[in-house]
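Next up, some structures in structure tokens.
Common to both upcoming complexes is subunit A, partnered first by subunit B, then by subunit C.
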Partner chain A sequence: MVASIVSAKGITKRFGKSIAVDNLRFEIPQGRIVGLIGPNGSGKTTTLKAILGLTPFEGDLTVLGYDPRTQRDALMQEVCFIADVAILPRWIRVSDLVDFVAAVHPKFDREKADRYLAKTKLKPTMKVKSLSKGMVVQLHLALIMSIKARLLVLDEPTLGLDILYRKQFYQSLMEDYFDEEMSIIITTHQVEEIENVLSDAMFIREGKLVLFESMDRIGERFLEVIVKPEFEDAARELNPIDQRTLFGKKAMLFDGVARDALEHLGEVHAPSLSDLFVAKMTGALQ
Partner chain B sequence: MKTILWLIKREYWEHKDGFLWAPAAVSALLIGIMLLWSIGKLFFGMNGVLYVNDVEVVFSNVLSEMQRNAIHESISFATICLYFLLYGLLSFVTFFYCLGALFDERQDKSILFWKSLPISDAATVVSKAIMALVIAPLITLAITIVTIVVLIALVWITAFHGGAMFAGHADMYKDLLLAPLQMALLLPLHILWAAPTLAWLFFLSSAVRTKPFLFAIGIPLIGGTVLAFVNEGFHLSLQMEILFRVFSRAYTGLFPGSWVFNPGFDTKPHINDGFFTFIAGSWRMAWENGLWQGAIFATAMLSVTIRLRRNAGEM
Partner chain C sequence: MTYPWHDSTPIYRQLKEKIVNMLLEGVLQPGDTVPSVRQISAEYQLNPLTVSKALQELADEGLIEKKRGIGMFVAGGAIELLRASERKKFQDIEWPLVVERAQQLGIDLKQLVNRNVKGGK
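Let's turn to the complex of A and B:
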């Protein structure tokens, strides 16, 4: 039995009359890297804010056994988050920032931070306002990755960064940081980039959970077939959840249809997460 | 406790310019002016003749009663000027510090970083209050003491060169020397007296989504005007004077010792009352004019501020 890191039992968040998060239920076990994926305004950030105790909401939610609304101070000992890359205070000096975090965070490993910083061009006397955006991210990352947290929440961590930094970011996240005792929740628009990193994908649309499966299960459940023209009608009989035209042929996406049943219709392959995402989002619109 | 100390340190790093360098610059300016005067006396020989309040003082070991009084008066005047300059600056800086205390971090989004650390909202708000009410006045006090010591040393050196032993006439500048001690002893009263003002400004700083300064000035201005019109128009015969008292109390509160010159109160201690009489008079006057009611108001406002910060995010 793996302990549950986040347990949401019907959380709802209203802004006036509109519902940002609608009765969301999910469990995130230990040792998972969950991608929270959805279009703009789907309630991703609101969900993360609820988990981090940054916003009030209705319903039951426990994070590491704490209620984020009332036990935020205890929760923050074990949770780390990057809400937005460019939010380090502009007036602070690099060395002062490291000193400060080292002093107030009981799970901060000073040596680790110094090691990370030594690999960068950051100097202790630099002020944050004089750093480039990429350097600010490096600094923030060095701080976050030196904290032994049980849950790390990343909201669009690589927004506005160039491809080199983005690659570096996920690489160091996987190699130096992640272990089986913690979980990570990531939201991003760049689905392709995190596809290989994730262990689970959570699709959210208009505040509702559309899909929450492990990547292994997604590989089993969803198959895309490039259907030979003569089998189009036969394929439609199997209720594809989405279809598109690819080089003049129909590509159909199936949910829960056995590979054996599809193979004679055409070329079968696993859809990419972004194709699945598009199918799930547009499919729901039809 | 350790966290609070580091939070205060953090505030100091961020606001060193206003709380340390600004008063240090004023002090350096005063010392610079005094230095020019001394150099003038020492090297461009004015033959030891000095005019103090139009009384001619020839530097010599023997000073007449009139001469001593003239010097004493001018030194007392210098003390008051120094006090108004440095403490006026302190209250000005503190006012804007309070308005930005819980506003700036929301505006530049850095609140999201601070909130990612295991620091309670209460510790954050309390550390900001300690910075404004305790640390900042202590820094100003330290600068005041240094300034006074340097100024007196310059007077001594200059006078000694002219042949006078000012060092022997301690009574002439005892006001100047005792003033910092008096200020230090009155710090607890200042903290209590300024707390409601600070808490009100903190509340605005945490509550408004834009331009806290306009709210701070606009609320009493518009509120007062509307009340005055309603009072006139409906012949309510409200005691507008009370409102005036509350506002003048609220908006001079950050100035250490403002109870001495606050126009809203009748019985005021006087600076010439003597060392302990002045301190006792200050406490009595504050007690009679809502010291503890103010403390309750401050506690309530700070609690509201802490609550507001709990659910605050970036703007």
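Let's turn to the complex of A and C:
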């Protein structure tokens, strides 16, 4: 049994009368890369904030064995976080920032940060206000990657970055940082970009967990068939969870129907994670 | 999906296929080092589990060898092993499809074979 990194047993967060996070239950074991995927306002950031001890909530939650509400200091030594609104003071120099983190974080490896920065166009004397958006993310990443954490939380880490920076970001993450002793939680709207990196996907909608499965299981569970017109009725009998029109043909999505049972109906393939997401989000609305 | 992966077979299988093709084309030779799980997962932005699965299958089939603490290498007899299995795959699976397609299109297979062999291409 692999140790749990995050264990949530019914966490709920209310803002006045509205419920942002509704009775979430999940376990994230060690060595996983989990994509937390949901539309705007579905409770993703609130969930991350609960995990990081940045917001009060109801229910039971342990992160690395700590309660984020009462043991936040201990927790923060082993967790790293890049927020979607990651802001650094505009006046600070790169070297000052490295000095600062080195002084406040006991697990910060300064040499590692310098080595990583040397590979970028960032210079120690540069001020944050003169950096491009991509360079700010690189700076963040340099700081994060120099802290040996057991949990890394990334909230829209590549928002607003061009494709080159985005690719480089995930490449550095996989090459220099991730190992099987830690876990990563990522939220992003760029699902296509991360789906192959993930080991698990967690769909959340209106504060509720809609799906939480390993990518392997998702590949086994969900299949999409471009149904031949003569088999449309037969296909409908198998209760597709979603249906869309593709070049005039019906593409039906099935959950838990064996491939053998579908193959004679038409061309079978695995849906992309973004198609599955759209199906799961709209399907629940109907 | 990034990189030219397609969605009709799992990615670990496509990655495996890719390595197999590199062997058949001679890009990877017996004795060559196979990049680590970490390097491959960074380069193609794949989950390490996906990469491990592909490499494990190649190891099970005897195409690559793991040497503890050093890394993975293309096995000595890999090319021969592979040619044999690819030959079988061509005869059992791919060729019948070609025949079927040719018949569908009304192509005379004998003529086609003669022309391609004589023409050199």
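In this section, the second predicted complex is superposed on the first by the 284 of 286 C-alpha atoms of A that agree within 3 Å, B and C clash if a C-alpha of one lies under 4 Å from a C-alpha of the other, contacts with A are read in each partner's own complex, and residues count from 1 in each chain.
One rule holds for everything that comes next: a contact is a pair of C-beta atoms (placed from the backbone, for glycine too) under 8 Å apart; a residue touches a chain by one contact, two chains touch by 3 or more.
Fair warning: this is a prediction, and the values are worked out from it, not measured in the lab.
**Q** Given the superposition on subunit A, are subunit B and subunit C in a clash or a fit?
**A** fit
**Q** From the CA centre of subunit A, what is the angle out to the CA centres of subunit B and subunit C, nearest 10°?
**A** 140
**Q** Is A:Arg93 contacted by the first partner subunit B, the second partner subunit C, both or neither?
**A** Touch status of A:Arg93: first partner only.
**Q** With the two structures laid over each other on chain A, which partner does A:Phe247 touch: subunit B (first), subunit C (second), both, or neither?
**A** Once the two structures are laid over each other on A, A:Phe247 reaches no partner at all.
**Q** Given the touch rule stated above, what does A:Phe15 touch, subunit B (first), subunit C (second), both, or neither?
**A** In the superposition, A:Phe15 contacts neither subunit B nor subunit C.
**Q** Using the touch definition from the top, say if A:Ala103 reaches subunit B (first), subunit C (second), both or neither.
**A** first
**Q** Rounded to a whole Å, what is the shortest Cα gap between subunit B and subunit C in the overlaid structures?
**A** The answer for the closest subunit B-subunit C C-alpha pair is 25 Å.
**Q** Residues of subunit A that sit at the subunit B interface in one complex and at the subunit C interface in the other, please.
**A** In subunit A, nothing is touched by subunit B and also by subunit C.
**Q** Along subunit A, where are the residues that touch subunit C in the complex?
**A** Subunit A residues touching subunit C: 33, 167, 170-172, 174-175, 178, 180, 192-199, 215-216, 219, 268-272.
**Q** Going by the contact rule set out above, which residues of subunit A touch subunit B in the complex?
**A** 49, 52, 54-56, 72-73, 76-77, 80-84, 86-93, 96, 100-101, 103-106, 140
**Q** In their complex, what parts of subunit B are in touch with subunit A?
**A** For subunit B paired with subunit A, touching residues are 2-3, 6-7, 9-10, 13-14, 105, 108-110, 112-120, 310-311, 313-314.
**Q** Can you list the subunit C residues touching subunit A in their complex?
**A** Per the stated touch rule, the residues are 1-3, 5, 7-8, 10-11, 38-39, 41-50.
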